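The first chain written gets the first letter, and so on, giving A, B, C, D and E; residue counts start at 1 in each chain.
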Amino acid sequence: MAFLQLQGIHKRFGPVHTIKGVDLTIERGEFVVFVGPSGCGKSTLLRLIAGLERIDEGRLVLDGRDITDVPSSQRDLAMVFQSYALYPHMTVEDNMSFALRLAKADPAEIRQKVGRAAEILNLGAYLKRLPKELSGGQRQRVAIGRAIVRSPKVFLFDEPLSNLDAALRGQTRVEIAKLHRELGATTIYVTHDQVEAMTLADRVVVLKDGLIEQVGSPLELYDRPANRFVAQFIGTPQMNVVPLEQTPTLVRSEAPAGAAGGSVGLRPESIVVQPAGSTPVEASVELIEALGAETLVYVRTSAGAQFAARQNSRSTLRPGERVSLTLDTRQAHWFDTAGRVVPGRAAA
Amino acid sequence: MAFLQLQGIHKRFGPVHTIKGVDLTIERGEFVVFVGPSGCGKSTLLRLIAGLERIDEGRLVLDGRDITDVPSSQRDLAMVFQSYALYPHMTVEDNMSFALRLAKADPAEIRQKVGRAAEILNLGAYLKRLPKELSGGQRQRVAIGRAIVRSPKVFLFDEPLSNLDAALRGQTRVEIAKLHRELGATTIYVTHDQVEAMTLADRVVVLKDGLIEQVGSPLELYDRPANRFVAQFIGTPQMNVVPLEQTPTLVRSEAPAGAAGGSVGLRPESIVVQPAGSTPVEASVELIEALGAETLVYVRTSAGAQFAARQNSRSTLRPGERVSLTLDTRQAHWFDTAGRVVPGRAAA
Amino acid sequence: MSTRPVPFDWLQALRTVAAWLVSLLYVFPLIFLFVTAFKTELQAIEVPTLWFFTPTLEAFHEVQERSDYLLFAKNSIITSVGSTLLGLLLAAPAAYAMAFFPTQRTKDVLMWMLSTKFMPAVGALVPVYVMAQKTHLLDSTLGLTIVFALSNLPIMVWMLYSHFKEIPHEILEAARMDGAGLWGEFRHVLVPLGMGGLASTGLLCLVLSWNEAFWSLNLSAANAGTLAALIASYSSPEGLFWAKLSAASLMAIAPIVVFGWFSQKQLVQGLTFGAVK
Amino acid sequence: ATELVIATVNNGHMIEMQKLAKNFEAANPDIKLKWVTLEEGVLRQRVTTDIATKGGQFDIMTIGMYEAPIWGKKGWLQELKTDAAYDVDDLLPAIRNGLSIDGKLFAAPFYGESSMLMYRKDLADKAGVTVGDKPTWDQIADLAKKIHNPKDGVYGICLRGKPGWGDNMAFLSTLVNTYGGQWFDMSWKPQIDSKPWKDAITFYVDLLKNYGPPGSAGNSFNEILSLYNAGKCGMWIDATIAASFITDPKQSKVADKVAFANAPTKATPKGANWLWSWNLAIPAGSKKAAEAQKFIQWATSKDYIQLVAKTNGWANVPTGTRKSTYASPEFQKAAKFAAAEKAAIDSANPNDSTLPKSPYVGVQFAAIPEFQAIGLAVGQQMSAALSGKSTVDAALKASQATADREMKKAGYYK
Amino acid sequence: MSSTAAQAAPRLVPRLLQAPAVVTLFLWMIVPLVMTLYFSTIRYNLMQPDQSGFIGLANYEFFITDPSFGTAVVNTLLLIGSVIAISVVGGVALALLVNEPFPGRGIVRMLLISPFFVMPTVNALMWKHMMMNPIYGVFAQIAQFFGATPVDFMADWPMTAVVIMVSWQWLPFACLIFITALQSLDREQMEAARMDGATWFAQLRYLVLPHLARPVAVVVMIEMIFLLSVFAEIFTTTGGGPGDASTNVAFLIFKQALLNFDAGVASAGALFAVLLANIVAIFLVRLIGKSLDK
């Protein structure tokens, strides 16, 4: 049975229609990640679920109970706010133990839970500090800590790791995954980080402009995006989407009928940069980004199409150099004029 | 001549010694990125440069002029705050134009500059909103916009893109690079994002606990880290650093003398996972992270060493499966007991 | 640790001097009052003003002998503390609701509340007197407490409203998410964060009640009079009364000033830094 | 025990009574006294509201000579029935008349006063002027001119200027009276625009402008008392009670330099000095009338005066109420001003205080309810004239108009 | 992102929270109001309770045709206007002065707000006699010291004197509110402004003052109410004079209510004051209302 159901949810801020009818069913214990461009309504949706904003239209059902109008404090959710919202007058320790103290938990248990959370989050040394004496990342960690000391029915995380360094982020991500496994609490997680989305999610929900674009497992979205938007949104660097007319005839010839006048999407790893003249697709290098383990090569074909190619080695190329491209159309995505995916010939 | 010089800078917050003597020289027009774990003092350093905190010890020289005690408003810097610090009672437009209005710039010019920034940052639709009516990412963009409408001597960015989605982040990153190229303003940029650090920086400064660990170009740091900390900090997923005694004899035999009792570092791409039995290094799979284009395989050898391997294809492995590893020691980093880098035999 | 010496801050020095100068000048009349209280009546009218003299407690003795200062002080404390508490009890929830759950009508309600104070007290004397008499609240501290609380209520709601508005919503929301009910939210977040506002509102109400002379005089007789009523027996009797008036005034305002000293800390709390980004 | 709530005015004699009331309580253990001491103006507002709304908060009220006849007539006060020991005939007739209606006494006088001239003998001597017992205003003006010496901080004459029917108008009424004027004629028409008023006020304004202290428009009894005690006034015409203060070396720098004379006169001696008394009365509704009566008898008795004399000396007894007080040789010896005061009080007659016949009772006021408002309004105009904000003519005209308005509203005439 | 409008919590709760305050205030308002309305239409002099009866609008007419009425209205507005202006401007200035830490800040702050603790009567007497008396007042002594003629405030500048006294009392109130409000001004915003090159003055103009908009609104409205009914100070110092130079509407009502004991006219006057207050309030709301719901 569905644990959390969002039914036709709408939200307006005055004239601004922010959530335009969201239907979603989340199973008990599921880890759902919300992604979407900045301003698409992720936080708002979270806040609606949390009961911090009034739902203008639609219903919210938790565990079979209509909670559309139940006050936040009775919903048994824990939330990490995008803006932290720490209690400025409480120390780190008090911030984290607040919910437990409210719930009249046993002091020993509180101490133990807070201690554990502080350890996970590397906050041990800061327990007696006030929020204003912390760095940005430390504050964010306190916000996380405040949520994870509790054992709620549902966890809501709003970009919880955005201000952490890579190492700590990886570490905390693992801890969140572990926590999820241990507690089995249903979790809704907003992030802009692809790695987080791909590694944590049971299902990813892609939002755009207050509407759900696609829901599916991470690899489903990666491999079978429903439309151009999702295709480009999932995966970094983003998929190269090029109007068909700018692509080499070779590619064009493989396009399914439905994609006529549309475009083709090729992930950067489907594009191989080769010495000039080795293939008929000529291009010039525009920019090289050496990321250490891999290198991104941005090229522009003579037809004006721009491609980013991913390469697993260092490159000696220089901007302006002439190169040839191999485009691996086996993994191409085809889009019609409206941006909808059109199945490739092979599939058809 | 050095443009901005930090000489022996110290900062204490009461008993907390946050910046413990930083010396750094930044050239005119350089793009310097600060990285380091959360709480290491990046923001503090930025705030010291900005003149928002008093320098307890040391000197700050800008363009040959000692500005240690010059008030912020006279330093001609623009800063993006980690916490945004938007003016809550001003609309987005007013927030962005504030500095220009103060400088009594021509209204037409103001309009043009704000318009341009809003366009870059996708804020066009929100110009008349108040900060509280914006999403987290939108607020962050306003904070960026506020800085980039100006043409200051020095730009200070404190994790400016942390709340943006991948697409927008890429786009904004490119715009910042472009801006830097156009204006040639010296820029100091704090980030936790490796891609940003690698692609934007002329030089990266790695901080830890209020001290500089290493300064160098991005690839320098990636390829020739000065110590174990930097080695592990730069690159995601982080470098596998394993105590020598846990490594296969094969690896141990290649270790330089100085690394005795120390450890070896291998980047995930130096480790190849192969079918069980194909090499003498036996291991079992612990976790698989499929990121779309690449897959991370976490394995544990029988000696107890943990490795993350990066693979550019999907993997059919399952956790628990037995595999063999090939360790590419040509690209190994060797560390002595104190974590300092020891040159490999080849180099020696 | 060779921390750079903090350079001499001229601005700071200037500010210090200016602030002290201005404040001393500003309270000069009070200083004058204070000094006068320790003079004899004859010294009090000396021109030019005597600044050096042997202080005497004569005036204070006189005041204490003449009237039961303690009774008046007790009444003052009961009525002002009582009305402040009662007022806060009524005003704080209302202000909280208005600040954090505003509706289209909130502003109108606020205005209306204020408008209940538009009627000058003198104009309403007879109705209120009759009301008090009918409810047997004439000359009782309870009656005065209620009247003070009600006449200060609109102001308290306004002030609290304005202070609560300064508290970021998110912090309250976080508490709500942490399972804090209405009371928890109020007790653990609003009160500590709004302390400055609550304290200054409470202080204001306290002062207004303490100084309220009109109702205190008109609704009390022998039992419920407050210090403001006591003062009415020292202003302009026949004969010289400067020292006595000064002494009585000093005694009347001393408790509240001392209380003000103690509430200093609460008044100046600014706590919201670093809470949200 | 029965609790008596007593509203009193905050002047020295009353406060003394409060202290001495211990004796009364000791003698009457079943009566407990509670005091409400208020400044004159507030007391008047307080007791009036209470008695008019039948609030019943006070068992004994201190009321002035102004209220006594008004309230008595309305039946708001209980008649005082005194015993033989009280010797009601010992009360000064002028005072007793003012407090009685149809021969029934409605309030017992606690102390009384009139007005008189208090001048600095030393200054007059220096100027070579002897002030007679009954000076005229012309002599006063002359003397004021002679002793006026602002450089040394001495002003020729200090007179009330602060607006209020009990403030500047108390004095000005007597001045107008002696100039031959009145408040209302027999048909209750205000007479403020008449010639005597104009002459009197012109004289007053000129006098104070030339020989008065700055700030006269804000001065009333207390302000002038301070000035006088500090040695800044050459002359002062005001309440006889002032005499005891300015001759008290503890309060006054000029205690030994003052002399007294009757209030100055001009066209007629009638109403040249006022008559006032503070009295104790029992509101009609009081349920503790018997006990209240008992206390009032005690507080206004000869014995009480003896008690004060015994405790504080004869110089401090409440005066202006009883013939026996003035007859006492000890008092005459102790109070330099005794004779002057008795003469002043005896000469005042509230029922006949103006040269033309008047319909009202009162020397420096008219005992009608409307008088307070009229008095204040006129007082304000007079202070405007004094301060130069308006001319005497304009002020009088405005006053007349206001008074006319009030009288019309109250229905005295159409 | 914070929602200002709706919240998910049932709307009933906020209403319940407001109810006690609203209901008690309503009762406290409506009973006297109805009685006052009634009194204002009958002949009702406390001193003459025997003469009574419905007289229509005669009380209003009498009040409004008072020769001092025009002056009183003007003086009322003048008093409200100048005291509010003085206390807001002065209050902001003083609050700013003591906002940054300096030695003895606590004491200075306390000194500055203590005049507010002084009872109005004491305040009035103190100013009239100790400060402004043209002979022995402090001002006079200072003037004489410099060889100038002392100003006779009560006679020559009665309204100014009243304004000074009332301002002296109310400025600290404004100051107190502003001091408290300044505490919640976000430090990082100020820093951002400094980075934007804002001078001290610009920070004041663009950040501090907008931040103080709501407290200013509160101060203005609250002071308006108290100033509208100032009469004790006037009664004790100038008695409304000289002439009617310092008479305001409240004093006029006071005269009717407590000197003339005419409850009828006083009621009419009180209702007129309500009307006047509403007019002023509407005007003020126009002026400052926007800052309330920020």
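What we mean here is this: a residue touches a chain if its C-beta (ideal position, glycine included) is under 8 Å from a C-beta of that chain, and two chains touch if they have at least 3 such contacts.
If you want to know which protein each chain is, UniProt gives these names: A, B = ABC transporter ATP-binding protein; C = Carbohydrate ABC transporter permease; E = Sugar ABC transporter permease.
None of these values were measured; they are calculated from a predicted model.
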Discussion item. Over the chains that touch one another, what is the least number of steps taking chain A to chain D?
Written reply: 2
Worksheet item: Which chain is most remote from chain B in terms of Cα centres?
Response: D
Worksheet item: Counting contact pairs per chain pair, which pair wins?
Response: C-E
Discussion item. Please tell me the distance, in whole Å, between the geometric centres of chain C and chain E computed from their C-alpha atoms.
Written reply: 15
Worksheet item: Taking each chain's centre as the mean position of its Cα atoms, how many Å separate chain D from chain E?
Response: 36
Item to complete: Return the distance between the CA-based centres of chain B and chain D, expressed in whole Å.
Response: 92
Item to complete: Provide the C-alpha centroid distance between chain A and chain C, rounded to the nearest whole angstrom.
Response: 54
Worksheet item: By residue number and range, which residues of chain A touch two or more other chains?
Response: 13, 43-44, 47, 51-52, 71-72, 82-83, 133-134, 136
Worksheet item: So which bits of chain C are touching at least two other chains?
Response: 45, 47, 125-126, 130, 168, 170, 173, 232, 235-236, 242, 272-274, 276-277
Practice prompt. Give me the residues of chain D that touch two or more other chains.
Written response: 45, 49, 53, 153, 226, 230
Worksheet entry | Touching residues (chain side chain E, partner chain C) in the complex | 2-5, 7, 9, 11, 13-15, 17-18, 20-22, 24-25, 28-29, 31-33, 35-36, 39, 46, 94, 97-98, 100, 102-106, 108-122, 125-127, 129-131, 135-136, 138, 141, 168, 173, 176-177, 179-188, 214-215, 217-218, 221-222, 225, 228-229, 231-232, 236, 249-250, 253-254, 257-258, 263, 266-267, 269-271, 273-274, 277-278, 281, 285, 289, 292-294
Item to complete: Mind listing the chain C positions that touch chain E in their complex?
Response: 12, 15-16, 18-20, 22-24, 26-30, 32-33, 36, 45, 47-49, 90-91, 93-94, 96-98, 100-103, 106-107, 109-111, 113-128, 130-131, 150-151, 153-155, 157-159, 162-163, 165-170, 173, 182, 196-197, 199-200, 203-204, 207, 210-211, 213-214, 227-228, 231-232, 235-236, 242, 245, 249, 252-253, 256-257, 260-261, 264, 267-270, 272-273
Worksheet entry | Residue numbers on chain C that touch chain A, as the complex places them | 168, 170-171, 173-181, 184-185, 188-189, 192-193, 271-277
Worksheet, complete the sentence: In their shared complex, chain D is touched by residues of chain E numbered 45-51, 62, 65-68, 128-129, 133-136, 150, 152, 154-156, 235, 237-245, 247, 255-256, 258-262
Worksheet entry | chain D residues touching chain E - in the complex, by the definition given at the top | 41, 45, 48-49, 52-53, 70, 74, 153, 162-164, 167, 213-218, 223, 226-227, 230, 232, 369-370, 372-373, 376-377, 379-381, 383-390, 395, 398, 401-402, 405-406, 409-411
